[in-house]
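Two complexes come next, and they have one chain in common, chain A, joined by chain B in the first and chain C in the second.
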Partner chain A sequence: MELLQSIFTYDNTMFLLEGLRTTLFFAGSSILVSIFFGMILGLLRNYDRGILGKLAAVYIEAVRNTPLILWILAIRFLVPIPANYSGICSLTIFETAVIAEIIRGGLNSIPLGQFEAAHAQGFTFFQTLRYIVMPQCFHNIVPSLLSQVITTVKDSSFLWAVAIEEFTGKGMILMGRFASSSQVFLLFASMALIYFLINFSLSLIVRSQSGKKPKLAPAV
Partner chain B sequence: MIKMAGVHKYFGNLHVLKDINLEVKQGEKLVVIGPSGSGKSTMIRCMNFLEEPTSGHVFLEGTELTQKNKTDLIRRTTAMVFQQFNLYPHMTVLQNIALAPVKLHGVPKKEAEEQAFQYLDIVGLRDKAHVHPSTLSGGQQQRVAIARALATQQKIILFDEPTSALDPETVQEVLDVMIRLSKENITMVVVTHEMGFARQVADRVIFMDDGSILEEGKPEHFFENPTNDRTKAFLSKILR
Partner chain C sequence: MKSSPFSIDKWRILAGEWTALGNGFLQTLAVAVLALLLALALGILFGILSTSGNKTCKAIGRVYVEFIQNTPLVIQVFFLYNGLPYLGIMLGKFSIGVLGIGVYTGAYISEVVRTGIQSIPVGQTEAARSQGFTYVQTMRYIILPQTVKIILPPLTNQAVNLIKNTSVLAMIAGGDLMYRADNLATGRLIYGPAYITAGILYFLLCFPLSSYARKLEQKLKKKEVRTISQAEAAIARDTPIEIVQTGRV
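Now for the complex of A and B:
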């Protein structure tokens, strides 16, 4: 108990919570921006036969097949922007590629008959996407998107490597101030527990969502 | 209303439509029959460019259908009912019917929904207005699809095997709706295997095989005195 008190003093707790806030903010904002750009890239890769579609494919494959930490380091040291921006940027660059593929999977799950029905009514391609295809696509990929949020919360801990003070980074700083190894060990365990609690509750949401929402298959 | 002139369609090397020439008059009920793979579905799908002809011309209400004007022209002229219904599963029945009138034809939402109820009355499904299509039987879904086709108030409705995916006991409820429609001044093109329906409703029957129209005529002539040997063989197999 004394040990716990020595770790979680008011100042230390506030220090950690600030890091946690940064983590959640980074993960949340990069996911939101990534959904926007991922949608554009996914649509381009799926439906554009021209140069833009090819560029989208190159981007997606290049980013998905390289480690996140590489992008974090590259953006931090090659692009002259403040540390926090570079953190969000690198996460967004990476997540955009992953989410583009999730969205593409969602698009490919829509039966061709939906496009045909829309065509036969005289919807343009963009109207078809807007009113008919994208709503079904997002409905179907909600579980995958939520799991990607979990992954991003965890992956944002890599930002510690470029001295961005998110949750893991703050923890590391605190550990440097501790004298005893048991303090360090206990802080480690507590941080793991907090990551676990956040992500486990997110995954419970995923599970209840995927149980509740039946896949929108055309009823035949 | 619909005119096809010298239409050919290839899928790769497969020649599925061979020089189709066809004219459908305003208000005419045209029934297209023929064995599987004869090209009848491809032909009806060429009428609204779900398949684009490899060569030849398609005219809707006097205007040639082109890659460029297709969305606009189809929006103004035709509706289609599919074998697999193709209702929009994320919308209620009412939303399915009102979507095109509201988004494409500028009908105010409230008015479109009132009209949708009228079309649901025609197909006998007013009480299903607020459910999702997946909770309906195949026959009910197809009747909703017919209401959706009616809602855009087109002069032409294309039916591509509307009863082929249905349980036998729900086929008749869909046919009954179509028979009722046939009394209206709507141009109907129906690809079907339902010979009783063809006999009862058709102004003209077309028999297709191997990508060509082999025989056409009034249903009485067609079913009683077919002249083409291939037609005779086909009819003898399905009419008992």
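Now for the complex of A and C:
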């Protein structure tokens, strides 16, 4: 008990909570922005045969095949914007590519027959997307999107590489002030536990969601 | 006048330092290969454990997967680097890389293996057991060979993630490609060329693998569609049901 009190003094707890808030804010905002851009890129890559579709494919492949930490460092040191913005930017750049592929997977799960049926009913291409394809696509990819939120919460800890003080960063700063092994281990355990609680509850939602997912007719 | 971050001089400095980047690249490659072997071993072991009937084995598999998947790799690696020395265990950075990344990816591979095994109908296990196969023989000769084909695409994707994740070593000065590139970037002020070259090298490692995974996925999907349509055609022709079932993957 004394050990706990020596770590979680009022100041230390507030210090850690501030880091946690940063982590959640960074992860949340970059996911929301990434869904928007990811949707555009996914649609372009899937349905545009011209230059835009090619560019979307190049962007997605370039980002998906390079590590996040590279983007974090490159944006931080090559783009003259404040540290926090560069953090959100690099996370967004990275997650956009991943989410674009998730959305593409969702689009491809819609049988082509639905396009044909909509076309036969006089829907334009955009109306088909807006009223028929996208609603089903988003419904199908809810589990994958939620798992991506988990990944982003975890990945945001890479931001400590450029000294952005999110949860891991705050924890490591705090750890530098402790000398005894029991304090260090307890702090590690608490940090892991907090990440675990956030992500595990999210993954429980994923599981209940994917149970509900209606079976699609086979695409024949 | 401030020179551009991508000026030709900076590329020249980078070219003079190519051995540093080359060493980093080799370090990344070595860590990736060894970590992948460890991850495969752990993944297959825990994947099989979580499909076994034994409750304790299942629980062990679950705890491993949930704990590792729901905490960041950075924390796990920091624990190996900053925490273990308090217990008197000093690991080199190379071993930390192999161990940390191997154990982390192992949890993901374990899930891949588990879903792969569970996608094989239970009837096959029952049939094998009734023919006198032991549990190990059933796994070895019946279940696992069929699983391999199904799990190869997600496994390849995990290998790509593993290669990308080796860059976590840069956070503990692990001498990998990312660390060397960052060192050159900040030490010699050649941010542009250093990061671009590192990116290209990572891309060269990952892109062939991820394209291969995509190709395999599409092949598998086409096959599935074909077998389903064959099955439906068979039903339409009123063929005996056994033929329909053998047609399915």
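As a working rule, the second predicted complex is superposed on the first by the 214 of 220 C-alpha atoms of A that agree within 3 Å, B and C clash if a C-alpha of one lies under 4 Å from a C-alpha of the other, contacts with A are read in each partner's own complex, and residues count from 1 in each chain.
By definition in this document, a residue touches a chain if its C-beta (ideal position, glycine included) is under 8 Å from a C-beta of that chain, and two chains touch if they have at least 3 such contacts.
No experiment lies behind these values; they were computed from the predicted model shown.
Within the superposed three-chain model, A:His119 lies in touch with chain B and out of touch with chain C [touch as defined at top].
In the superposed pair of complexes, A:Trp160 makes contact with chain C only, with no contact to chain B. Using the contact criterion defined above for the overlaid structures, shared-chain residue A:Gln136 touches chain B, although it does not reach chain C.
Of the two partner chains, neither chain B nor chain C is touched by A:Gln148.
Among chain B and chain C, the chain that touches a larger number of residues in chain A is C.
Touch criterion not met for A:Ser90: it reaches neither chain B nor chain C. In the superposition on chain A, A:Gln127 makes contact with chain B only, not with chain C. Overlap of the chain B and chain C interfaces on chain A: residues 218-220. Those residues of chain C whose C-beta lies close enough to touch chain A in the complex are 5, 66-67, 69-75, 78-79, 82-83, 86-87, 160, 164-168, 170-171, 178, 181-182, 185-186, 191-192, 195, 198-199, 202-203, 206-207, 210, 225, 228-229, 232. Interface residues of chain A, counted against chain C in their complex, comprise 61-62, 64-70, 73-74, 77-78, 150, 153-155, 157-158, 160-161, 168, 172, 175, 181, 184-185, 188, 191-192, 195-196, 199-200, 203, 218-220.
For chain B in complex with chain A, the touching residues are 48-50, 71-72, 74-76, 78-80, 82, 84-90, 99-100, 103-104, 133-136, 138, 141, 148, 152, 158, 165. Against chain B, the residues of chain A that register as touching in their complex are 111, 113-114, 116-117, 119-124, 127, 131-132, 135-136, 139, 214, 216-220.
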